[in-house]
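Listed below are the structures to be examined.
The following pair of complexes shares a single chain, subunit A, combined with subunit B in the former and subunit C in the latter.
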Partner chain A sequence: MRTRLVTAAWLWVLPAFVLLGVFLVYPVVNTVYLSFFSGRDMSTFVGLDNYVYLVTHPETITVFRNNLLWLVLFTATTVALGLLLAVLSNQVRYEALAKAIIFIPMAVSFTAAAVIWRFMYIFRPPQFEQTGVVNAAFTALGFDPIPWITNPSVNNYALIAAGIWMWTGFALVVISAGLKGISAEVLEAARVDGANEIQIFWHVILPMLRSVLVVVAVTLIINSLKVFDLVYVMTFGNFATDVLANRMFKEMFTFGNFGRASAVAVVLLLAIVPMMLSNVRRFRRE
Partner chain B sequence: MARVLFDHVTKRFGEFTALRDFNLEIADKEFLVLVGPSGCGKSTALRMLAGLEDITEGSIFIEERRVNGVPAKDRDIAMVFQSYALYPHMTVYDNIAFGLRLRRMPKDEMDPKVKEAASILGVDTLLDRKPGQLSGGQRQRVAVARAIVREPKVFLLDEPLSNLDAKLRVHTRAEISKLHQRLGTTFVYVTHDQVEAMTMADRIAVMNEGIIQQVGSPQKLYDEPVNVFVAGFIGSPSMNFFEAEVVENGEGVRLEGEGFVVDVPDDRADDVRGFLGRRMVFGVRPENIHDKDYVPAGITAAPTAVKVDVTEPMGNEVFLHLMAGDTKLLARVDPRTAMRAGDRVEVVIDMERMHIFDPETKESALS
Partner chain C sequence: MAKQVIALSKRERLLRAVSRGPLHVAIIAICLMWMVPSTGLFVSSFRPKDAIATTGWWTAFSTASEFTLANYQQVLTAQGMAQSFMNSLIIALPATLLTVAVAAFAAYAFAWMDLPGGEIIFLVVVGLLVVPIQLTLIPVLRMFASAGLTGTFPAVWLAHTAYGLPFAVFLLRNFFIALPKDLLESAFLEGAGHMRVFFRIVMPLSVPSLAALFIFQFLWLWNDLLVALVYLGGFRNVAPMTVTISNLVSSFGSEWHLLTSAAFISMMLPLVVFFALQRYFVQGILAGAVKG
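Moving on to the complex of A and B:
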């Protein structure tokens, strides 16, 4: 009887195990395995060479630098902007409308958004009329037009700005929900206790939003590590804007370096795992 | 020294008037309770005093200072909220200390104050805990400690006991009274529970529909309610009301209700003679209706025939739900009563302590 039960139990979980094995475990293991080989037919074992290449080659070092820039700047700005807009929109009567407008970019496909932003950033030499919105605005204010996409000293920031535009709505909506969860009586208690609005924000609202902010930040960090579409469409990683996911795509499909592409994939996975773990831990606690 | 004065205060939320021409003077060190059913405006009045609601018309004074437009933080008041409203991310110590820290009180001055407030409320062993780790009663104590630590001029409490279980509520009621004596501060306390009002207040202001009905000591409100609302609200179980016509024959003055008759004692006859031939609303408290077999000495009224609907034995007394003709009456009688549900019996309705109200205005007709 008991053995039959155990057998039945295994039978029930078997489909899930098979699916996970085929579509998750095997690809991960195989990717790690492939990352130790090189050549088109993947016949040459090269040990850690692919990894050594990633951390020593100037072009791939730029990739890591760019991802780090995305991680810090994109995450910090989006969280800060989302928080600011959530607090501000909480105080106005047309809150739903304001939030909807800021949330709209989330509904736009990343590719479409990238195309839109490429138009926004169009650069023509100063003697011509500027057709890109950003440079039109710049020249109208008396500045020289800037080649946003091709100038390596600004183009990463230009791309990150597009990413922030896309994700601020998400941060706003989640933080706003957290804000609604703070009881009005607690804020009133702080007011009676002698706090002004700025002190209430720093000493009461912000600490009470802590867990919400962490969830938003972790989600954004994961997305900053995975960022691909915007970069692929706007620059294809040229002009020193490349990021890990785009590099992986290039190594794989442009250069045919399956081993290197696998190594990038493994690095990306290792970077994301701690973030995933922290999210899983949090969900379990809640 | 903190006197509070509401001077012709009105509060409107759009079309809705929450508080209408509210006038109330609260003396220094007084324990004043605002009581009334939900939606009567009592919490609005308290929140206006706290500075959490704007004043539509009129003025509020704390001491001699007009506080209209003065933000809550500058009014030198403290408040205990119904939900306690503790800061969930702070320890008990930090919750209590928050107001002092905002005032930049030096640590060596603040620390003993926080510990003293905590020990007065018996939460000094919980200082390192967070609110989430406390029971309802402990949270309530922390909320009170947080309020008293700043030594405010006026102490506001908004239904602080309504989230406690019945036993703890009775206990905490006494604790708050003791705290008031100890602090010697003006207390303004809002509740919908007339028992809390009766047991703690120096004076009670009974409110209904945004208007003060009556202000006075608990005993005064109980003995001399000015209208049907106050008479029915104060006292538990509630006063009985019935309409009856005042008639006089050779034997004396009688009240003829719907299917029953009661005598008016001679020394109260003058109170009702002015209404001869009129229908008035009469009020009798449940403790003034007696089982015929256990009538206290000195009451000589003739018995009235009634039917017993339900009996509720309480141990020390029995509540009888009676039908006198078509009129429902509730009586609190001696526990030895032999009356049972369904019985047709006789009770003595002692009109010595009756209340008389005008059926139109519902105001007391006793001068």
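Moving on to the complex of A and C:
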């Protein structure tokens, strides 16, 4: 009887297991294996050569630098903005509307967002009228227009700004939900004890939001490591803006080098494993 | 006396409003800033080609300028956005249904059936949540190529379903396990089998979370670029809108009358879904805060 029940239970999860096995688990293992090979048919064993290439070639070192820049700047700014907006909007009556406005970019594709931001960053030589918002604002303030997309000293920041525009709504909504979970009594007690609003923020609200902020930051870090669409559509990784996911795509389809592409993917996985462990640990605790 | 109290509180209210001025200014300014990029795209998509190329979209209101639907007409027909719109639907709808169905059965088993090692397997699923799909692209592409499936809809249906499962199973299992235990147990005691409990009790009670998952997954697939790019190849007849738009960007990078209208067509459905079903959408986001 019990055996029959157990068999029945396995039948319920079978479709999910087959799909996960064929399209996720096996491919991940296979990708790790393939990262030690090269050649069109992936038959030449090259040991760690693909990895050595990644850490020694100037172009791929730029890729690592850019992902690090994304990780730090994108995550920190998005969390900070989300937190700020959550605390501010919590005090006004049109909170729902404000949150919806910030959140809308989350609903559209990164591809559309990339078009939107390429349009924001249009550059025309100084003698012409600027048709992009950013350069129009810059010239109105008396500065020269800047080629945001092609100038390597600013373009990574320009791309990251587009990412922040997309993801702040996510941070805001999650942090705001956490904020609602803090009881009014706790805040009132702090006020009765003579704490001012800024003290309450740093010593009461922030510590109580800690786990929510960790969840948001982990999600954003994962997405900063995986960032693809925005870079692919805005620059295709040209002008020193390349990132891991786009580099992998290039290695696959531009250079036809599946071994090196696999190595890029494995590096991505290694970077994400700590986040994965943090999620599993948190889940077990809950 | 009473009058005085009211007058005082009026003054207090005024003081309070003034002192809160900066707060309102800050929130409203940020909100306006957030709306500028999409507004520019929307306005521009209705401006004639020459006007977009030479003047900023914000001038469209101050000068006597004309608006047109020609951009939309051109991208929908000549650039194939109408076909791509259909392709996006053909890709996203079946794959979403499949994900929700497969996940619901598995999630039920994890929550309410006697599955040896179920706890550990479920932790593996939680771990799989954040595995980047980049790790699967090459082996799966080779698999599809040898099966002759590259460039076909079934290939993306299968891949999307598998990629969506960890999140879907995670979300639904957490919801199912929180259902009232007494209710299910009394049904079992009355002799109801798992099938009956699943369809008669669990499914009807789970409509909100099923809806949240459906909306979240559908928009995710509707907005996907990478999977379509890799498994559908460059075949224009099966390309969803995201792929068509990225092709437009690389071949007509400064033809803004085409790019703005094409991008807006791809945004229409997500915007409608967002405004109509915001509650479910936000629920999905909150539940999926761990998804990468």
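Keep in mind that, in the parts below, the second predicted complex is superposed on the first by the 266 of 286 C-alpha atoms of A that agree within 3 Å, B and C clash if a C-alpha of one lies under 4 Å from a C-alpha of the other, contacts with A are read in each partner's own complex, and residues count from 1 in each chain.
Keep this in mind: a residue touches a chain if its C-beta (ideal position, glycine included) is under 8 Å from a C-beta of that chain, and two chains touch if they have at least 3 such contacts.
Every value quoted in this text rests on a predicted model; they were computed, and no experiment measured them.
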**Request:** Give one of first, second, both or neither to describe whether A:W12 is in contact with subunit B, with subunit C, with both, or with none.
**Result:** second
**Request:** Spot which of subunit B and subunit C makes contact with more residues of subunit A, would you?
**Result:** C
**Message:** If we overlay the two complexes on their shared chain A, which of subunit B and subunit C does A:L48 touch? Say first, second, both or neither.
**Reply:** neither
**Message:** Quick check on the superposed pair: does A:Q199 touch subunit B, subunit C, both, or neither? Answer first, second, both or neither.
**Reply:** first
**Request:** Over in the complex, which subunit C residues touch subunit A? Could you list them?
**Result:** 20, 23-24, 26-27, 30-31, 34-38, 40-41, 44, 52-58, 102-103, 105-106, 108-110, 113-116, 123, 125-132, 134-140, 143, 158-159, 161-163, 165-166, 169, 194, 219, 222-226, 229-230, 241-242, 245-246, 249-250, 253, 256, 259-260, 262-264, 266-267, 270-271, 273-274, 278, 281-282, 285-286, 289-292
**Message:** Residue numbers of subunit B touching subunit A in their complex, please.
**Reply:** 50-52, 71-73, 77-79, 81-83, 85-90, 98-99, 102-103, 146, 150
**Complete:** Within their complex, subunit A touches subunit C through residues 2, 5-6, 8-10, 12-13, 15-17, 19-20, 22-28, 30-31, 34, 85, 88-89, 91-92, 98, 100-112, 114-120, 122, 128-133, 136, 165, 168, 170, 173-174, 177, 215-216, 218-219, 222-223, 225-226, 228-229, 232-233, 236, 244-245, 248-249, 252, 258, 261-262, 264-266, 268-269, 272, 275-276, 279-280, 282-284
**Request:** Sort out for me which residues of subunit A touch subunit B in the complex.
**Result:** 183, 185-186, 188-196, 199, 203-204, 207-208, 210
